[in-house]
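The first chain written gets the first letter, and so on, giving A, B, C, D, E and F; residue counts start at 1 in each chain.
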Amino acid sequence: GPVFDKETYDNNDLAGVVTGLAWTSVGGEILFIETNLSRGKGKLTLSGQLGDVMKESAVAALSYLKSEAHKYDIDYRVFDKYDLHIHVPAGAVPKDGPSAGITMLTAITSIFTQRKVKNKLAMTGEITLRGRVLPVGGIKEKILAARRAGIKELILSKKNEKDILEIDERYTKGLNVHYVETAEEVLELALMKQKVANAIDLVVED
Amino acid sequence: GPVFDKETYDNNDLAGVVTGLAWTSVGGEILFIETNLSRGKGKLTLSGQLGDVMKESAVAALSYLKSEAHKYDIDYRVFDKYDLHIHVPAGAVPKDGPSAGITMLTAITSIFTQRKVKNKLAMTGEITLRGRVLPVGGIKEKILAARRAGIKELILSKKNEKDILEIDERYTKGLNVHYVETAEEVLELALMKQKVANAIDLVVED
Amino acid sequence: GPVFDKETYDNNDLAGVVTGLAWTSVGGEILFIETNLSRGKGKLTLSGQLGDVMKESAVAALSYLKSEAHKYDIDYRVFDKYDLHIHVPAGAVPKDGPSAGITMLTAITSIFTQRKVKNKLAMTGEITLRGRVLPVGGIKEKILAARRAGIKELILSKKNEKDILEIDERYTKGLNVHYVETAEEVLELALMKQKVANAIDLVVED
Amino acid sequence: GPVFDKETYDNNDLAGVVTGLAWTSVGGEILFIETNLSRGKGKLTLSGQLGDVMKESAVAALSYLKSEAHKYDIDYRVFDKYDLHIHVPAGAVPKDGPSAGITMLTAITSIFTQRKVKNKLAMTGEITLRGRVLPVGGIKEKILAARRAGIKELILSKKNEKDILEIDERYTKGLNVHYVETAEEVLELALMKQKVANAIDLVVED
Amino acid sequence: GPVFDKETYDNNDLAGVVTGLAWTSVGGEILFIETNLSRGKGKLTLSGQLGDVMKESAVAALSYLKSEAHKYDIDYRVFDKYDLHIHVPAGAVPKDGPSAGITMLTAITSIFTQRKVKNKLAMTGEITLRGRVLPVGGIKEKILAARRAGIKELILSKKNEKDILEIDERYTKGLNVHYVETAEEVLELALMKQKVANAIDLVVED
Amino acid sequence: GPVFDKETYDNNDLAGVVTGLAWTSVGGEILFIETNLSRGKGKLTLSGQLGDVMKESAVAALSYLKSEAHKYDIDYRVFDKYDLHIHVPAGAVPKDGPSAGITMLTAITSIFTQRKVKNKLAMTGEITLRGRVLPVGGIKEKILAARRAGIKELILSKKNEKDILEIDERYTKGLNVHYVETAEEVLELALMKQKVANAIDLVVED
């Protein structure tokens, strides 16, 4: 059975943790993208047995955020003053594919802005470098996993809308699904204006 | 079916995004070269599951632009002050070969000059370090993909002219095909004088 | 037979040495996580024929500690002024998996705080980047190894409680088992307030 | 058929482009060594799907030039102030072997001195670190390719003279073949005193 | 036959050379660990076709010494001002395993303190990061090799004492065997107080 | 047949070029070790398709010279101010093994001291980090190659003396063979006091 279950993160007290949806050989599963920052020199660390496509996804998400930093009130200099770590538990399970792209982007943006992530929300979708959200596979299995985990709200690529329409309504009932085309829409939906309690103050010395 | 379709980028509001043409086992397809810049130290990041030939293509295109920076009013010092990321969605599909060379060059030049890329334009061709445009394969399949995607204008190597002449005129009708020998001609054709709205001002501190 | 036995570290005079539990093809075994610090530039060295999952575990544990340094009265600048080495004897035996995560975290925290580790204590559990403690396998075999080694106290993930309940009480008798959900709880249980004799004074020059 | 043909570079307007001769499974072919410089820190980039022997050839040629810089009026500090890129089109064709050594040396020297390369000249030969020119194979096939490409002058190792003598005179008629023993002789023969039009002025700030 | 024999180092005039014992498919053999220092930046070089376990051994030994530098009157800053090279001749013979650990530690400590190594002494044993000496295999074969090489004194892990007791007394007669538990004991036994003639004075500029 | 022959370097005008002897599947052959220096930061480049044993040999030889620099009147700071390149033509032939060790040491010492190498001299032998000269194989085949190449003087390890004694005297007649135990003896025999004409003056700025 899955290592993660709905109570692993039953609140959104922590910045930088976002729920994604994975599609594995044994069905859909939720996964968590965890990020943290520590004072450093801008190093990016990726862990959790990530395949190269998933790693490129993370790098593209970070690139996107860096180039759009001003939109999210992030001083571009913090990227060089902190080390960013992105981890996907469970650490022994190999993971790959581009579908965690928007989840990673949301986690990174949350940790750099210290903004809360909306509760009971999950998402799946590829992100491009310029902020396009591309469709991904396994939508049906992911929907089932989302419901089992108590997810109430879902973000998908607009191009996955057709996949949802093909699923029996019983499965999507009670799920609020948002279809998006851009990274901006994802972050608008997923991040709250409010910062986490004990938000860290990202310092840039001159 | 293809992840990309003509409406993914139905405008040219963004600098650094250029449409190329790929030739795959299932026919021709359009692809997008996306680039972005963030403050940094001149690092080049390549993503999108690119093979080594395609990576070398990107490196050669960047080298060419660096050595000809003055022609395009680029202060050579910006190359060291910004990190450049080149990404080719969809991130899970392996891509290789030299035929995206001129597309990459155009995308890089657009992002560094912030000049708009001409709309409904696609291109395919190998670029050499000194700016020669070499012919590539799969022209017929690429033509078909270009038309399906609503492309109106095409840039090819002069040495691919013979391949176009062998194609039934029905397929090329309405397509304005430019044959070029040099990178200069490509950029002259593809880049508009006008900058994108909200063009970023590439800063070089002394 | 095992290289290690209970008398290898029969005291807790040294900071940075913590007892873990491994599950191998020939049953459970205790293992030691050893750490040390030397003046340097923040380099991390891992040795003891560690597999990539175990290495990622160590990196995540260190990341967690770095981002929570203030909680443990660690000046964040020491991470850049000392090199950290994590070693798992015996050096010729390949080791892998995420289950040494909390053991590594405890060893690292002990070496950076110079606080003593509680005596006759062992632990096993995966750590996530944000300090969640995840369940691991082989609990029964590990319990047997712990008893053979004279362990009196054990730290496990709350999600491993069910595995303990399935074991014949004879085997757990006399073992004080703590079930935890977070890294904070692990460190609260495992580290003493008292520093080791001859504690080194981690220096940060201005 | 070959991608390159005689009209690809039908003039010698560009510094740093030199014609070599390759020997492939389908016969002899001409190839071009292209180089360029951009402001940087002395990085060397090699591209064009070069095998490790060919890469070592390039590195040895550059080493030779660096240690003999004074002979060619090159300020040794420029090697650290510019990045050098060596590319061999066509970018998708794997290339290997030491026989492009003297061609690479000539191209590098031309780009660093901005001196013109003699027109309708080709060459083939291994270069050693101390400037010896060693013989290479496939001389007959290379001669045929040179003639097809309109080459009028050829540089070979003195130790390849015997290979030329074995070839029917019909094939070498009209070809002016120079036999050399040292790198100095190669550069004396291949580089003109005249600089290219618009020669770049390699700047070394103090 | 073996390349090394007893007269290779028939004196102890050099700091940083220590005799170890290896166990190969053809029996036991003596080996030499050679170290030297040159002005540099703290780089560690390992050579002699060492396997990864043996390399980790060397790294752990160096880590141990760095963290205990004060005990041996070594100014910690010398580790950053000198490059250390550890070599195990004969250079073409692959070597691996953890049993040279204490030999490497002794050699490194000797070179950094310039203290003489006791004559006609050999040793074998794994070292842990915190200075524990672990038992190793092949004791009987190593004893035979030691005697053939004229060794008079031997250092072993206390946990190898049982292996010696199982060997016919004829083989150990005249050999003074020391059983140790810690690195400190090894260095106490192996290093003389006296420095080598022409001891180099390790300089640290301020 | 061999690429090299006796007339490749028929004089000793160049510092840093030394003749070695290799043993290949087709018999013995002479080889040349070429070195050069260029202003830089102490980088070491090895080329000529060298195997890892041969590379380690070069690194050990350089380490030895660095640690004994004072003996040869080399300012230790030059090692950081110049880049050293070691090349073994012919560049396409794979080479390996430790037997070029003393040849490499001689070449490196010659280039750093600018002292001439004795004419018509060849050598073969492994070097250890502390300057011991170890025996190597293929002595008979190497002797034959040396004579064919006009070599008059030979340096071998003392432990190879027995191999010479087993060879028919006809083959060694007229060859002056020196048997050595240390690197010092090699350099004493091989390097002349006299510097090469146009010796470069290795500069160390303060």
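Assume a residue touches a chain if its C-beta (ideal position, glycine included) is under 8 Å from a C-beta of that chain, and two chains touch if they have at least 3 such contacts.
As the structure is a prediction and not an experimental result, all values here were calculated from the model.
A.B. asks: In the chain contact graph, what is the shortest path length, in steps, from chain A to chain E?
C.D. replies: 2
A.B. asks: Which is the least count of steps on a path of touching chains running from chain B to chain D?
C.D. replies: The fewest touching-chain steps linking chain B to chain D number 1.
A.B. asks: Please state whether the interface between chain A and chain B is built from the same residues or different ones, using more than half shared residue numbers as the mark of same.
C.D. replies: Mostly different residues.
A.B. asks: Which chain has its C-alpha centroid at the greatest distance from the C-alpha centroid of chain F?
C.D. replies: A
A.B. asks: Report the chain whose mean Cα position is at the greatest distance from that of chain B.
C.D. replies: E
A.B. asks: To bring chain D onto chain F by a C-alpha fit, how many degrees must it turn, rounded to the nearest 5?
C.D. replies: Copies differ by a rotation of 60 degrees.
A.B. asks: How many angstrom lie between the centres of chain C and chain D, each centre taken as the mean Cα position?
C.D. replies: Once rounded, the distance between the two centres reads 60 Å.
A.B. asks: Would you mind pulling out the distance in Å between where the CA atoms of chain C average out and where those of chain F do?
C.D. replies: 52
A.B. asks: Indicate the residues of chain B shared as contacts by at least two other chains.
C.D. replies: In chain B, no residue touches at least two other chains, as defined above.
A.B. asks: May I ask you to sort the chain touch graph into line, ring, star, complete or other?
C.D. replies: Its topology is that of a ring.
A.B. asks: Counting contacts the way the document defines them, list the chains around the ring, chain D then chain F and the rest.
C.D. replies: So, from chain D then chain F onward, the ring reads D, F, E, C, A, B.
A.B. asks: Please name which positions on chain D make contact with chain F in the complex.
C.D. replies: Checking each residue of chain D against chain F gives 52-53, 56-57, 59-60, 63-64, 66-67, 69, 76-77, 79-80, 97-98, 101, 126, 128-130, 132, 134-135.
A.B. asks: Can you name the residues of chain E that touch chain F in the complex?
C.D. replies: Residues of chain E touching chain F: 3, 8-9, 14, 16-17, 32, 34-40, 45, 47-49, 83, 85-87, 89-92.
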